[in-house]
Every structure is written in structure tokens, then in C-alpha cells.
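Look for chain A in each of the two complexes below; its partner is chain B in the first and chain C in the second.
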Partner chain A sequence: MIRRKQALAITAVIAALSLTAACGGNDKKADGSDDKGDKGYSGATASLVNASDAKGGELKLWSPQDVDFLDPARAYYGFVWNLQRLYIRQLYAYDSKPGAAGTKLVPDLAAGEPVLSNDGKTYTVKIKDGVKFEDGSPITAKDFKYGIERVFAQDVLSGGPTYLIDLLDQGQKYPGPYKDTDPNKMGLKSVETPDDHTIVFNLASANSDFKYLLAMPSSSPVPAGKDEGASYTNKPVATGPYKVESFASGKGATFVRNENWDQATDTIRKGLPDKVTFTVTTNPDDMDQRLLSGDIDLAVDGTGVQQAAKNKILKDANLKKNADNPYTGYIRYFAFPQTVAPFDNIECRKAVIYAADPKSLQNARGGPTSGDLGANMLPPGIPGSDKKYDPFNLTSGKPQLDKAKAALKACGKPDGFETTIAVRNNRAPEVKSAESLQAALAKIGVKATIDQYDGKLSSSTIGSPENVKKKNYGIIVMGWGADYNSGSGFLQPLVDGSFILPNGNNNYTEVNDPEINGLFKTAAAAATPEAAAPFYGQINQKVMEKALYLPINFDKALIYHNPRLTNVYFNDSMGRIDLAVLGVGK
Partner chain B sequence: MLVYLIRRLFNVAATLLVVSAVTFGIFFAVPKLTGSDPALMYAGRETSETALQGIRVKMGFDKPISEQYWVFLKGIFVGRDYDAGTEVTHCAAPCFGYSFKSEAPVWQTMLDRMPVTLSLALGAAVIWVLAGVATGVVSALKRRTAIDRTVMVGALAGVSLPIFFTGMVAPAVFVYSLGWLDVSNYKPLTEDPLAWLNSMILPWVTLAFLFAATYARITRATMLEVLGEDYIRTARAKGLKEGVVIRKHALRSTLTPIVTMFGLDLGGLLGGAVLTETTFNFQGLGTAAVAAIGQGDLPVIMGVTLLAALFVVMANLIVDLLYAVIDPRVRLT
Partner chain C sequence: MTAPQHDTSAETPAPVSVADVPAKAIEGRSPGRIAWMRLKRDKVALTGGVVVILLILVAVFAPLIVGLLGHDPNEFHEDMIDPDLGTPLGSFGGISSDFLLGVEPTNGRDVFSRIVYGARISLVVAFLAAFVSVVLGSLLGALAGFLGGWVDAVISRVMDLLLAFPQLLFTIALVSVVPNSLWGFEGSGVRMGVLIVVIGFFGWPYIGRIVRGQTISLREREYVEAARSLGAGRGYILIKELLPNLIAPILVYSTLIIPTNILTEAALSFLGAGVKPPTASWGKMLSDAVPIYQDDPMYMVVPGITIFITVLAFNLFGDGLRDALDPKGS
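Showing the complex of A and B:
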């Protein structure tokens, strides 16, 4: 009898413990958050949240980072390109739809798709009727050409992307409109404007990415009469639903309705709030407090909330339902310059990759909400990417010391070696990543010294191959995001040999492989971006096979938005909440 | 007096010249001497030679350092020309150049930000002087009592707690928890006085708390010392009322070191209360300097540094002039 009672008691205790364990297992996630509060969490990454066409109100955007420039020719920050969707338009733009649809380019100021001729080398684009600048004057083909010509004036308007110069200069050495000898300042030969509604681009060779370049802010129309050169950044002329009412560098900007924007001509933007304010803050924690209290609407820089707010959000179901954890489009990585011994030896590079502790590196960047474990060099969302391609088994999350030691032996350095890790001093997660790798490498006898350089001087420190060699930087910590949603936009600056520069270099490994370079050319000649995608997948594989990079993570950010916001969704081409359709509820 | 003033103003000018030369040397000449190209700092991701050369010309890096310095100094007194690409505009004196980031005249940026810093520094100064001196006097008069100990413990806390701590705690308690104050950002006094006051209260109190604590301790110590002086004993022996002895004799002497300290503190703060401005997101001179250093915006760094130095040396001058008013023994010669 006693035995029976004991057996029953033991069974009951085991059952209770199992139940508790099961509950515990379900409740807690890797990021420390609860499953109970997941309803609504990351909803805006997949669909439109809180749909509404209600107009009015003030959209309050804040950022701890100031804009680089409001001038479309000079802006290069990702969040500024998002901000520019409010006040400037291009021929083509990313559709304002969630999911893969948001990565597609649709006509914006163009009347339709470009007409390709001359074996894909000539793009003829018709411009929509009835589109106007903020002063009511019509937008013509010449305004587009002038806007593009401004990019060539790098002596006055530096800062922005220069892809258009690479494709459209074609040996002319066009100096930009300010030094143009043509009386009408229309001297760029590769772009023609046969009439006010037609613009023709003559490329030297077919390029499946050209439409992406036409969608960049640097391809925006600019009225020559209103161009103030370098000062244009303080009052760019609007073509979108809002115009710049005021702007003070370091403080912020106010955008008010552009009366000459016509919703009938715009399928991308909604223009719902009456006013949009952008405020630069010096205290990110205070910004988070304001965000959580509902005082402001969105931290528009897109890097996510600070650690204190992150902890609060993940533990509170009411807050969590207004938060998302999207991919930002960035990848964080270590690069191994092949000019610095012993990283000229693939086995030494492999030794470092295998020795690294992926989970520790992820934690150094802020834990699982800061990104998924990196597997390769093409992040999700870029055509041609394959998140499952993991040749070094990095997503196992553990160091592989046996393989690392075997690689060291094969490299001829069984007892390890000494090297230097170069890291920007103004990026705490990168410094922590370097420290994590340093500790992991010590376990296989590799002594890594960390050199924290002035982050402002990246262009001349790690961006100078000569300096990298001189300083013996065997490992470089960096991050990278695509300028446009294509394999070339992401990978070319990193691994195309023709992109190795004396300063401002991004091809840190200095890989100059004819096969990889050739694949970029083949991809560019493809008829469509979709047809080009598999080639970028191949390039990614070649780069990983050469063990040139150690990917840390596919970057993510924990973004919180004020629940009063309407039409909230993350545009997959930007990895950000699309400002073009946001509205303000009550 | 006039000779003294002229001599001191000459000293002010000389000090500013030295400060400008040192600052200019650090930020403009050092990169050149170490062989790095300062233009690369501004170029961003695109570093074409055209862009770099444009930056060199615009910032003056293509000229010898002595010429760059001369152009900078000349600009302050007679202005200089600025090429925006489309046209050449004249930057009127005092021209500290143009911010590379914003393409705005540095002087304009400083004028725009000065009211924020003035509001913060002057408001806080009134609070900390009144509170600090008053508590210091009370503490000295109530020496070794519970009041004295309580006040001094409070003062010790004030000195010990850094602004970034009190600056974070104060809004969390008074704005987000108790709701006594609205969530606010700096509003100009001329636009909305009530909103300005609402936005200023916590920064004033936070900043004043730190300084008032120091002033209370100094006042107490000096007051105790003065109260032991012979002339105080004489005043009391003459039958003067205690209030008169304290106000007219003891306090007047106590104020001399306080005024010295106040001049230096206020002068320093007018150049930018960096921590308070950063904590409360006030876009004043201090945050302008921090942002400019972060971005390497040399013209703004130069402008703010010189202005801050001007405030400090002028505050010193005013303090020296005030000595003669406070202390009859001082003669300005």
C-alpha cells in the first residue's frame, strides 16, 4: 500500500515537473523574451499593420544620427534615402508593399517601364504628364538630366554614390554642370532629351542593374534655376507629397505639404500626415523613453532601441506587439586581407573561421535580436542569396577547434601566429566582436592584437591597401549594406577586383579573381535582375570557398513604433519602415 | 582704470590668438604633418580624386598652413568669399568659415545655438548662486547642528553625483513616473515662454544641483573663516546687530572667492554645458562642439572653441572688475 502511494506521489511529482519544464521551455526564447507576448510581434515585417487612409496629424520622427545631406546628389545614409521618399521622386521607385513586392521597382515619375533597344544598351523613358516641382513648374526631361549631371560635379557635391558616373561618363570626363561649357548646361553626351517628356540613356554596354540606379535619389530631377550648388542641401526642391519647410543641421527638419504634389500621379506614396518633423537627439536612451511613452512616433535611423529599452520591450507583451525585429540588409563580418601574411594562405584563413565562436560573436553584437548567425556573404533579401548555404557550419553556433587546429597545421603554423585586428573605435559592438574573436583565437595559439583606429578615418585607415599592409592588419571588422537591392549593389564593392581603390577601398581582402570579376560582367549583361540573380549566388559561393570572410551575422534591429501609426510595414529593399505610406492615428 | 581696462583687453586678444593658433594647429596642421590627407575624412564612401581635390580647395587644405591660418583670422575681421559651385557668396565678418557638413556659416550656427546655452547656463547660475550661497551661510551660522550636517550631506551628494546620472533620473521620476512636468524638448523663449520654462526646469535644477553643492561648501568654509576674523569681533563689540555683521561685513568678504569661482564656472558653461545639453537633448554650443568633433567638422570646432575661450577670458575680466566693487581694498591699476 505504502509502495503504491509512494509510486503515485513520484508519478505526480514527475508529471508536475515535466509540465513545468515544458511550460518553461515554451515560454523563454533565446532573446529572453516570452512567447506569451508574441502576438503582433514582428507583424510589420510580413504585412501592413494598422491600415488606414486617414489624413492629418504630425508624424514625429527622431534619430540619434543627423542626416548626411538632404541634397539628393549627396545623400548616402540609408535612413536619409527613406526620408527622401517623402519629398523627392525618381523615374522608378521601390513599391510600397510588404514582402518581396517591396523589392520591385515600379514607375514613379516615369509613365511606364523603360523601352530597351540597341541590344539593351539604350533606355528610353517617358515621363508622366502633370508632375510638378513644389513651385508648380512642370518636371521635364531636362530636369532629370540636370539632376544626374550634378552627380558629376564631385568637386562641389561630394558624398553621394557615383555609380552614374561609372556608367554614363564613357570617357567624356564630364565635369558637371557648374563647369559645363554648354550654354544650356546640358553637356553630358550619354543622356539625351529629345523632348520634354522623353529621356534617353545610352550605355556603353547592357546593364541589368541600370534601373536600380535610376531609382536612387541621385537620379532625382533638379530644376537648374533653383540649384544653389553646395547650399542646395539646405533647401532641396520637392517633387513628393512634402516639401522642406526648415532644416538645421544637427537639429532637424520640418516637412510640410507640397501643394503641387498630385496623389493621382503617385502610386507609391500616401501623403497622410499634415506635417512631418525630424528631430536629431543627443540622448538615445531619452529618445527610447519618449518612444515607449508615445511622445514620438519612430526612431527613423533604423538601428533599433538601446539595451535598456530592448529589455523592457521584450518582457512586456503590450510593448512587444508594437515591435519588430527585421533584417536591416546589413551583414557584419571579419575580412582577411590577402596581402598580409599569413592570410595569403587559405588554410590560415580557415583556421580563424573555424576557431571563432559564432554565438559569442552574436552576443557581442547584442544577442539574437541583433541578427541571425551569419552563414555566407549574401544576406537574405538580396536576389541570389541562400541563407542555408553554410560551408563552414557557422550556424552551429560553436567553435570548431579540431578543424581550426588542422587548418593551422595545413597552413604551416601549427603553434599559431601573431596578427592584428583593426576595428573602428566608435562602434562598441565591433570592438566587442574583435575582443570575442581575440579570445577565441587565443585557444588555438593565435595571438591577435586589437588596434582601435579613429572611425572617422576608415577611408584612409582600412580603406587604404597600402596602410593595411603597413599596419599588418590581418583581420578587419566591418559591416556592409547594399546600395541597391541587387547582388552587384551588395557584392561588387566587396569582391570585384576592379573596385580595389587606393583610398576608400571596400575590397579589404583585395580579391581580384578573374572568375569572380567575369561573373559580375555576365550578371550585368543579363536581361533582367531576376536572370542575374543566380550569378550572384555563384559569386557568393566562390568567395566563401576562398575563405576570405568570416560572416558574423545577418544584421537585425529591434524597432519599436508608436501604436498610433498607421500603414506600418518594413520595406524589404530598405530594411526599414517605409515612411512613404505612414499615417498618424489618434 | 581705463589703462587697466585697455591692458586687460589687450591680454584678452592675445589669449584668444594663442587659443586660435593652438586649436588651428591641432586640427588643421597635425594631420598634414603626420602625412594623412584630411580631405579623406570628409569624403565619405566615395573618394575619387575629383572629390578629394574639391574638398582640399574648399577647406583650404591645398594652401600652406600659415596661409590657411591667415585666411581664417582675416575672415573673422573682414569676412571672406565662399564658392558654393553655382556662385561665389561673401561670408560677412565675423566669418568663421562654413560647416563642411551643413554648408551653413559657422557664425550663424553659433548664433542659432547660443540662446539654448545662454538659457541653460544663466538660469542654472541664478539657482546655484542663490541656493549655494544661502545654504552655505546658513550652514556656517548653524555650525555643528543637525541643519549644518543635513545641508552638507546634501552638498556632498550634489558634488558626487554626475550630471549624466541625475540628468537621467530626474526625467524618469518627474516626467515619466510622477508626471509633474510634460515631456518636452527645448522651445525658444520668444516662441513659447511657458514651454520654454517647462523645458528648462529639470536641466536648470540638475545643473544647479552640482554647482550649488560646491558653492555651499566653499561659502560655509569661507564664512567660518571670516567669522573668526578680528574685524568681525570688532563689529560685534561696537554693538552692531548680528544681521548687519553677517550681511555687511562677513558676507561681503565671503563673496570674493565665490565671485572668482562663479566667473570661471559661468564662462566655461557659456562655451557649452556639454553633459547637460547632451543628456537633455539641448542643441546648444556644447552639443554642436561634440557633434563637430565626432564628424571632424573643423570649422565648427574652431568656431565653438574660440567662442568658449572668449566667454572664459571675458568672464575673468568681469570678475576682476567686480573685485573693486566688492572689496574696497582692491584698486585697479
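Showing the complex of A and C:
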């Protein structure tokens, strides 16, 4: 079994710290439009809106959330991965096409598909001719290897995903290039560079997800001569159509044209605006107003407008036609830790699931625009998911009190019990969800107390199984989005028993089922993502049958864009408006 | 009134019984009675007093009132809400004969019931915190003023320290570390206890300073000298001679810190350090209203006006009481 504990600890910290920790790379179905038939509303989720090849202008991106890092090895926020499509390229990247085509990986800096040999354990990739860094020097296989080696230097370059370490270290304990004893800093044994145009990856076992990892920004090429370690994040070397002109933490960044980027080598990006500015604001309501008045182009954080602006948009057809309601790839849910009585008993878990009022929970999160009624624990679009699989009939939208009371009786607590709901204090919709569940549970005699803990400390509060038991947290409110477009990227941290951590834990229910754990191994060994998909479907069913989670919704956001923008579409791998092709009209 | 009687008494030689005249003409009124008469003349203060009494009655009989005029304060009425916008259906925040003050956005809880139950939280916290402040403040203030010397120096510096302490930040930090159940209390009970202790504790220096100043001016008076020269002990002088003269400022100040406490409790609830959900509280309602005030202003107006009226009533009554108890007043 691959050890991914460190990756998870960091994932949890990032998820806790960031409002927008949508860790990119999730596949979403693009049918966000509703049945009201508003012309243009949610158009960009299904097709490219306002197509144009006109160049020029300044693209003004705003965000209430600062970037974590511009350094490709350290960035983990989903919206930063989107920003990075402007200035860095990888061997493979998600295609810039609407619909399912946007979830497919296409060669970017690679000349073609990888050649697999040695039972799928060896990946050989040829690099495209004529691709250059911003200083004009050619991109070679050694630059890719160096970029990947940087991920291993977690003592200097913390923050990013560490899946590559888990797959490529293979017992070498490689310390990263800064402590590399090799004079050329090429000490990582599992990656070979036979010549400047060829890179070879030797895996310990076949892994159908490996290409997804090569498409993550952390697999970008970095020129060893320009690497400044921890301060590389201030001026990463560009390979895309733009380069970083200036960056100030907490304020923003300016991107200008990279003269050494050649459109002929790039089938994904268009590079239309002359300049892209990224501005950090502390006032999201003010940002919404600027957005609606057309002063700025896009709120790039992708979490959607605040309630005031949302209601303004929904009431005004002129504004609504520039808005979209895409899936974010998140599932909001309640988890039932099995270590806390009476949730060790499946019947008591079922009682809570049946007693919940799904419609009321949806309203607590902001009504139908905030997401579709939850049914299971695999978001739509991830291979293997099935939105219609609804074992607890949650999409009926009504509490099922008879079933809930029967389950309570079967649990041996016919008069109900007392428990505690743990909820982050800095998330109003989560607090409201907890209140809704509290009110619903009161109807079957279950007395739930709401404990609002400091949301910034969630990795040590609910992420610590010991603390969960001590505080008697029978119900935990949370949300989760995948790191990459696969069932393991979403489900494994939540339900694989080997992922239970003493701190920064995400497997809140502490399920450690040999059957589920085994299915993850089987799925990873599958040759292709398509072949792995049915196994993730099975895991989803096993998890639901154990009644470990009460899914609240398949999350959606209301995103408004300036109508002057061209080539607007939501990339289904990110659930975000793709910056790679975006242009600025008049 | 008394002056003309004196004049007429000079003209009428008729012997009047000594016992009768003073009883009718020169009425011996206790200070309390004088204050009450003055208060009765002050219509503004009386109005404040009536509102205060009404509020107390509302808080005491909350279940009865809600049973007659409202719905359970924690019951959701989502059929009253537009699911897309999260705002109440109907105008003015969903005000109707069924929901007298409208419904809460998102979940449709009865605003009237929550205001009524919220009065309990506000008043209980405000009164008990005032009690803590008054007991601590008058005791320590009187000791500092009466004993002087190093006792005064220590107590005064402690008061300075507390006045300079960032109370709001301290409370928010404290609330986040206080466990869910403590000394047999649970949930909102613990939070209320913490609020009472904290607000009361940080409030005592204000009253302590006033009592100390008053004590210093009183302890040099002739009647205290007299008592002392007759051999009265310190305890006797403090309790029998000084305390009765301190009652008036303590009483006035008590009525004036109650509205301050109501505001502090609302502010703490607004900042998320108040009682736990689903318990209703005015400050929490206000903070819930902020993100949606453009679409549902009524949800902000109702708790806002409630807090405003409550604080104003206590202040008017307290002001009137001070005027009435003022020995130099007319």
C-alpha cells in the first residue's frame, strides 16, 4: 500500500486554512442550468460562451483569498492551479474544452501519449520540440526531473500535494535537490533522463492515476539555475503565455506576456489578454459590487458570490444571464465517528440519516443554487459515480420519521439519546446545517448539542480521533473535494482505513474495513481510469450501506462573470472558468 | 405651602394642639418617600420604568406568551421561505397574523417567539452580571475608600488594570476554551454563566470607583467623627454609618449598568461568543441578519429596535432615579 499520510496531513491543513481549498482536478458534470429557461443562465457550464480570438486588454481577476504559493511545487488551492494555467505548463494538462472533453488529459509539453512498458510500471515520455522557458532556454528532461525532485524537499517547500513522493521515493528517502549528494542534483533514482528529450518514470506498481499526477502543477519543469528555494514562489520561471511581473503576498500579482511562449507548441492556451492582474481584497461584498458593475472581470476564487449579490443576480434577468451555477466538485456531509457511542451502532446512524430533513439542509446551505440534494458519497462526474444511487431516499426531500423511529428502536434507544454536533464556527452555512439537523433530531427525541469550534483549528479538533472521542463528537459537519479526477482522489482520504491519522485525519468515521481497503488497491492496479471506475462505484456503495455519512448536497456555486469576457466556459476538471482561453472584449 | 401657614398662625391666636400642627403642616418625609414623589412627577422616567417592568414580565412569562401568540422558537417553518433567495415570503419579513414579527430567513423560525425568549437571555445575563458588579464594586470600593493607605492603593491599581483590559477579546478567547459542560451545567447554561461572570467581573471597577470616592468624602463628616469618638468600631461605622448613605449612588448605578450589560451581551453574541444555537439571542439575530439585510431588512430592524427600546427604557429610568435620589434636587 502506498503511504500517503503526509500528503493527507497537508491536505487537511490546507482544507482547514483556506476558504477555497478546492483542490482542483475534479470532474464535474456540467448541467448546472435550471429549468426556468433563462437565456444565458449557466450557459458557460455546457458550452463555450462568447467565442472570440481578439487579443489585447487587461483581464482583471479578484479574490477575497490570497494565493497560497505561486511556486508550482507548493500551490494547493484549486484557484491557484487555475491561475497557474496562465504561466506554467506540465507534460499533460486538462484540455481547454467544455463538457466531458475538459476532463481528458492531452499532451502539453509532452510530444505525445506516454509509452507504458514493464507491465504498466514504466512510463516513457518524449518532450515536445521548441518549448522554452521565459528566458529563452529550451525545456529539457532534466528540468522536469528537477521540478519533481523539488517536491521531495518538504522541509523547504511545504504546502503542495505530495503524491509524487509516495509513488517515486520507493524507499530511497530522497531528501530533495538541496540536500542531494549528486553534483548535478539528479539523485532521484526512479526518474531517469536518458537524453534531453526523454524522461522515464519507474513505478513500484502499476498505477492508473499516474498521468493525473503528471498533470498537477507540482510536476512542472523548473530550471535548476533559477531555483531560489523558498523564495522561488515570488518569481517562478514561466513556460506558459504569461510570466510573473510582480507579486506581493496579500496584495496580488501582475502577469505580462511571455515572449518566449510559442502558440504553435500549445494546443490548450490562447493567451489573449495583454496583461492579467490578480488583486486580493478583504471585502467580498465590495468585490461582488465591483463585479456586478463591470469594474472587474471575475472573482477567481470560485466560491461564488455572497448572499446579497446572489439575491440581486437571481432577481435580475440581465445579471442572471451572465451567471452560472456549476458543480464545485465538493460534497457537504455529516460524518458519524464510530468511536463515539451510540454511533458504533449502525441502527443509530441510520436513525439520524432518516430523521434529517434534506430540503431543510439544502436551504441551510443556500437553497437549490447551493447544490443538488445529496444522495451518496461520490460527486457527479468522477468516474464511477452515480447521482441516482440513493439508498436512503434522501432526494425525496422529506424526513422519514417512521423509519428513523424504527431504527432507533433497533438500536436499543427508542427514547432517543444525547450527542454533540461539531461544526466550524467560521462557516455560516455549516452552522445553519447543524441547526437544521438539531431541529430534525429533536423530533425523534435525539438531543443534539452544537459545539462551534475554531474553524482554523479543524485539523487538530475534528482531525484528531482522540479529541473527537474525548469531546463526544457523534456528528461532524464537513465538506470535501477531490485533489484529482479519480475516485481515489476523492474517497480514499475519507474511507480508507490506512488513512486514519492521529492529527489532520479526514477519515472521521474511522472506518477501517478490509473489503473497502482492498477495493482501493484493486482500483489503483487497474490499467486505465475507465477500468478503475467500477471499483470506486463499489466503494461508494459499501460506504453508504454502512450508513457512515449523511450527504447534504452535491455542492454548486453561483459564479458571475463580466459580460465583456470572451471564451467563457467551465472546465469540468476544475469546476472553474478556465483562464487558459479567457479573453477580454470591448 | 408651609410658609403661609406660619404667617396665618401669627394671626390666629386659637390654641392649636401641638400634636396636630406638625403632622399636617410640616410633614416628616423619609428620603425614600421624597424620591418616590419626585419620580412620580417625572413622566419620562415613569414610562421607562413601565417598559422595564413589561420587559421583565415578558421574560418571566415567555412560554405563556409564545404559547398564545407565537410558535415554538426553535421550530422551522420552511414553507414560509423562498428557497432560492432564502428570504421570507410576503412583505416586511413575512409579517402576518400568524407570525407577528415575521420569520427568520433560511429556516423560517418565528421572530416574535425568538425575541420573547431572547429577552430572557438578555435580562438574566444583564441583571446577574449587574449583581456581580454591584456586590464586588461596592464592597471593594467602600473598603478602599474607608481604609485608605495600602489597601486603597492595591484596590485602585487593580481597578485601573481591569479598566484597561481588552474585555471583548478576553471574553471571545475565554468562550472558545470553556468546555461544553461545566459544574453540572451544559451548553447554553455554561455560556450564560461565563458571560455573567465575565461581564460582571469587568464591570465592578466602574461602580467601585464611584463608591470609593463617595466613601472618602463621607468618612470625614462630623457624624462619622462623632461615632468614632464614641468608640464605634470600623465595621460598625462602615455598615451602620456609611453604607446607608452609599445606597443611593449604588442603586442609581445599578440601573445604569444594566443597559450597558445588555449591550455587551448583544455585542458578544454578535461576535459569536454568546449562547449556543438554537437558543435565541438578540445579538445573534442581528449578526445573522447582516449578510441578508439588503433583501430582508426587517430581520435586522426587529432585534435592533428591541435592543434600542430596552436600553433606552433602562437609561431613562436610571436617569430619573438619579434625579429623584439627588439630595440637592428639588
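Here, the second predicted complex is superposed on the first by the 549 of 586 C-alpha atoms of A that agree within 3 Å, B and C clash if a C-alpha of one lies under 4 Å from a C-alpha of the other, contacts with A are read in each partner's own complex, and residues count from 1 in each chain.
Operating definition for what follows: a contact is a pair of C-beta atoms (placed from the backbone, for glycine too) under 8 Å apart; a residue touches a chain by one contact, two chains touch by 3 or more.
Treat the numbers as computed from the prediction; the structure is a model and nothing was measured.
When the two complexes are overlaid on their common chain A, residue A:D286 makes contact with chain B while staying clear of chain C.
In the superposed three-chain model, the partner touching more residues of chain A is B, compared with the other of chain B and chain C. By the touch criterion stated above, A:A428 is placed in contact with chain C alone, chain B being left untouched.
In the superposition on chain A, A:S436 makes contact with chain C only, while chain B stays out of contact range.
Look at A:P337: by the touch rule set out above, it reaches neither chain B nor chain C. With both structures placed on the common chain, the touch criterion links A:P368 to chain C but leaves chain B unconnected. Of the two partner chains placed by the overlay, only chain B lies in contact with A:D227; chain C stays clear of it.
Contacts of A:T449 after superposition on the shared chain: chain C is touched, whereas chain B is not.
Within the complex, the chain A residues that touch chain C are 306-308, 311-312, 314-315, 357, 359-360, 362-364, 366-369, 420, 425, 428, 431-432, 434-436, 438-439, 442, 449-454, 471.
The residues of chain C lying in touch with chain A in their complex are 74-76, 78, 81-87, 106-107, 176, 180, 186-187, 272, 276-278, 291-295. Against chain B, the residues of chain A that register as touching in their complex are 66, 68, 76, 153-162, 165, 178, 227-231, 233-234, 248-251, 279-283, 285-287, 289-290, 293, 295, 426, 456-457, 459-460, 463, 501, 503-504, 506.
Taken together, the chain B residues at the contact with chain A in this complex read 36-37, 40-48, 50-55, 57-58, 84-87, 99, 101-104, 109, 112, 168, 171-172, 176, 183, 185, 277-283, 287-288, 290-291, 294-296.
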